[in-house]
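First up is the structure itself, then whatever we jot down about it.
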């Protein structure tokens, strides 16, 4: 077993080489390109944090497989305490990076697979769970991390996968030694900076859709795998603006990519589900529940911590801290932050063994989905407050380069200062602009609200409540 | 030490006699009058529940004074666990009664006093805390309960108490053996069905307002004490309608009263604060925080459990359970119920020793106030859903007596039935009508939202968050 | 042609006698019983207002049939101006009565019938429209008013009418001279105080449901017709409390009833649709659109005028008028009131000839449904604000009889006064309590929000907007 | 009098030359630079539209000064109809440009000045109004347009202008022939593409703040005037991305700038207010009311028309148009769009002569402020829906250049297609991303919600409503 230093981690990205494209070009050096270096930096920092005694036991865990102290990012939950720690790990990374921890969905996909493969082995006599355990041991041995490859492109939502096979990742060939897969996964946060992609289906499947019923691990940079970076307005800003004025330059903004799989071979020992359409719904749900607890709950609480801090700084700079409506914005933002954290925590505290007898633990479904449901709306709401406090400059501020212009710089500095220099005010405004971009990303990450409503409509147990009500009706 | 049986409890109400007025008349027998019997019934049932092994440890606690097992309603919190149990006691009673547990504010007032008198004795050398301990021991000895007498009439809110002394309870005479108080407390849920009223101030006070700075215990039914029942639309319904059709006939609807104090003498050993205006703010805040945790959090979650149950029953009766918007109403209601409970629970879990060194525990201020803040809006929201599901009959249903009318009864039964008989449908609609009445009561109980905003604006700690944000701004 | 004086109007109620039941009893004198007198009073007052020159042209209109000046309550819209006047008539009555104008749905049902019978005659060669014109002329001649009998009991919503015939009003016999109908209509505001009931179906119908496809006029008090009054908490209060303390004693609270039809004969010339299931949807929609414009829009604006006035009075009494959050409540309430009125007005202003060529006018569907959709939520919201401003006394105030009690009256008066005497404060609080009861009634009147959403999902015309968007996409 | 053709208009921008800086550089050719050409294009198009008979009478008006047909952008309102046309002009330009009409605030500032200078001349005997009329005649003669220069940098909001003179535009010298001004105005949409800047104060002023009490006209490109473009994420995208993939390439996104005034001389005949601090509040309010009617009301309705169209296109492309929640999003968005338009229209319809006797017209204050108040929240809400419908690709889509990459282009096209080609889907997603950026801009344009609340708290007239309420209280 090794423990990778940040530098050693960066080395692991060189072999196999990840073919990453950004804005139409192959990225030569992932550690240097403005759109990729931030991902590497975040992952390297996560290795550093894990080695920091201050985070021991939070970002690391005792492996139930080997008893070794391993990264909590590849740890399988075996108790309520593990669930609580997962929640607080989400909070810690969110506050550290101001963006994704890029092994977060991978961790949750491993956990969903642990429960589901255990169940399949028991019920179907397969050996998926043994394979998974061996795979996790390999991860531990090499201190490797996984991305969770969940989101299919999905194309026309009114069609089933077999009606439009291109837009769902699928098996195109079955061999004696493994399978060959083709297609893509989209909106993959920092996938290539991990060592494996844990592929799981995105939707529940039916009989006749076996080719799409697939869970497996594929090494990052494997033969046939390529990555195409997102390219949004902020991406352009990273390319054009000075490092100084790019908000969260070090870690960036949920740097996702499309992963293309061009007939990629996966050996059987890395296949954890194939064809068992009846177990896909459970696998998808388990992943969703865990991920919504963290991604909707504590991670967004962590983001809000930063954003509320930025709001308070801005109010200080503009001398508006004593205005009643500004104080209300701050208090309301904190209320929302706390509700998200409370729901995540309750999802963990009211978690249970899942499936029964397995020794694995999963969160309470209602609380987990509530966390994500509310996060979607709350995030927009807090962003709205932040942009209110920032004033129009949140989108109308000039460039910091203008502040350095010999023609107009001096005037801009004089006129745009508040209780802080113009430069700080503008940087803070642009930082808040970045959080605006997060709002739709937060909405969709771990599934948009209608998905949580589907779970909630199904999961709420009305019967004990109708019994209770009947007591009052004689 | 005695443990009162329900019957023994009822006996305690006879001596001293409580002079209770309802709709202009003195109530002859509190156990029989439609507006008072429900209060007696609820309290008697609480004694019964405490004796039930199923509730031991939840509704009872080990006294830290005497080591005896006592009612949790008079227990002082000495741990996070105590706070958690207080939360769950609130839930249990709310679900049992569908209305107030009438010793609830009393419990919270005792706890606020425990912390504040301890602090005063330490800082001022007073002996308030010793008096309080002796008083609590008396409560334990006799198995007595307390109401919390907090809300002043307040009159013109733009004036301070000395400018309108009548509308704040105050000391009118100081004697060697005690004090004489005059005035009233309003919106007092089931006060007279307790054994003592724990009087605490309602607002923070300033120098010059010493006469209003008063905390003490007054026996229910004491010389000079009289009670006037609330009389709202539901009260009238209790008087007019048949028992069958009065929703929650057994326990009623937050049966409050005005307590009038006409120059009531209080001996010194029952005085726990008098004149120390600087401690009033703390006392008021401590009471508010505890009460908002329970009254805003778990109690309202309990009410919602019943109401959601009623909604589900109604949807079943009307065959609308499969309609998407109805399912959404149910899911959204459950989300709100759970958020309230989560906030109450977190307020307890993140509670702390208060004041430091005292051994007493208080809830997290932000979570406690969040629970109440959200409860106010959420309750209206859930009521709105419930009334939607119930249809127009929620206010337009005829009387059950009409269903028994030889002229029109048969037709009404035939036409107004759904998947349940007309009678059940109407009873359920009227039950939901009752919850509508609860909405403004829930809003104001433990203080309306603007009060919580005052606490939240003050309590949120922005500094760690601005520090965090600064890390991202270089 | 006659113009009835208020007294003459009251006389018209005696013959045929209306058999009205309230709380299990037949009402002896409709002009005296606390639950019915208020309805008579409102209708009588409407006759008085129509005769008042100040209201001429608003509450009266020039008949397009006869050129005579008639009540606008039986007038058919023939212009945008007529629609605008209908909107302002709704506002005027709402502000006058603080409750329903009991011929309001009747007016809208007549208008929906005018358009639909015209269309049927043209398309099917029926003579429904001629019958309707003759009927309206009769109304004009006798200065009569109509209730609109729309809402069926509906029972199990998952079943169609033929599966549960009892809960939809239907034809049980067809005769040479007319039809015989059986069943009931529920939630009928002040029906018996009109002269005719305009029966229209409540839901769109399909082939095979011809017996339920029925529009006709039935004289109030006709053979076989009986009425059963609603009996809610406020009804009980009207029975028990002194006239002084019953909020809106003169006009009451949407005094609805169930109308029972026990095999009532309707001659052909009063039948305006029978069996033409394909026209039912249109008829229902036209009624809904008109009624939502007024009932959701201007009528609720009128209610809010009164309620906002009550809020302001209460804030004055309590000295809270300068508090920021109170001012915000008032401003927000006014915003909502104005939005409702604006939507009603725009529904009228953007109305159109309907059907084309008919000379009749109907409102814009989107604005009309928007008015009602928003009214449902807004009304709860404003009530919430009002109850906030009123304080807990909104449900916890004692009876005015207590204020007159020799034992406790003086104290109550002293302690409960604010900047107004205790009596006024309590009356105002109880007045606000009444508006709370209106909230679910407003929600359901003219159809609950999901009904408007059905209309809106269908009515919005996306094509011009997608064309517009395409321009921006090249 | 001339009527400029689009080409002639572009010529007018060359003399005097506007010194415009973008991202630290002086822009060489305003008609070519990606950050400025879009502004020129929009203004040129507006000249073209004015000449189009289809828009005659909407975008043009009959001058009350000269009787000539002039641009409505420099027209003074003299009737309710003028107000209504102003509303619909806002709608038309918003739908045409998908961004600002850059003479919009200028038009409103001229109108606010017309009323206020008229009032000052009458009350103070000044000749401001005559100057303004002469100036407007010059505008008509030359077919010139104005920007409205309102927003000061404001710095520390807790300080008054004299405490921080740099951050409010002010007079630094008074000469016999005019005044010299110094400072800046921020968030100035397309200012330099107009011919004059109409400077008005941003906040009400007090005695002692005369130097800041200033309204005047300054020629664009005048000596001492310089412009610094906003530089936000979208600006960077315009620089980096291919024209094809820049959403709204032709007209861009509210391209604001900072206008720097370095000791700019203004002759007296272009000064319309100087030193009269008592009239500043009125001037500011009048501007705000007019601008909120249009900018908050119809302009945002126009934006929403485009955005709802985009939502519908996206739902079509993704095959989600039949999903209930998607239909609800569309219907709700349309509801909000219509409410904004209704409030703008009502603000115009309920407008009045302002000041009395002047012959000038201003909108209803409550409706105008309501339009803007609601627009702020509604816009975020609709953007939220749009981003929901667009899915995660709204921020995670790759570049269109990636679609052309020989390495990965073919796969991306295959996998990312839906019912439309991948390229269209991505362009549409990015178009929606642009509307996200509009949300905070819409919030602040014409003043953030708290400003409207200030106006509303002040403007609502409670007295008639309290009188109304009293009628119900006896």
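To keep things simple, chains are lettered A, B, C and D as they appear, and every chain counts its residues starting from 1.
Keep in mind that, in the parts below, contacts are C-beta pairs under 8 Å (C-beta built on N, C-alpha and C of every residue); 3 or more make two chains touch, one makes a residue touch a chain.
This is a predicted model, so every value here is computed, not measured.
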Intersection of the contact lists for subunit B and subunit C: none
Copies subunit C and subunit D touch via same or different residues, half shared test: same
Pair joined by the larger number of C-beta contacts - A-D, A-B: A-D
Where subunit A and subunit C are represented by their mean Cα positions, the distance between them in whole Å: 52
Rounded Å distance between subunit A and subunit B, as computed from the means of their C-alpha atoms: 43
CA centroid of subunit A to CA centroid of subunit D, Å: 38
Junction residues of subunit C - those touching two or more other chains: 453
Pairs of chains, among all present, that meet the touch criterion: A-B, A-D, B-C, C-D
Subunit A contact footprint on subunit B (complex, rising order): 95, 98, 244, 247-248, 305-310, 312-313, 316, 327-328, 330-331, 334-335, 338-339, 341-343, 345-346, 349, 366-367, 370, 373-374, 424, 427-428, 431, 453, 456-457, 460, 462, 464-470, 472-474
Contacting residues of subunit B [partner subunit C, same complex]: 19, 21-26, 151, 153-159, 166-167, 183-184, 186-187, 226, 228-234, 236-237, 239-241, 254, 256-258, 260, 262, 318-320, 322-323, 325, 377, 380, 384, 387-388, 390-399, 401-402, 404-405, 407-408, 411-412, 414-419, 430, 433, 436-437, 439-441, 443-445, 448-450, 453
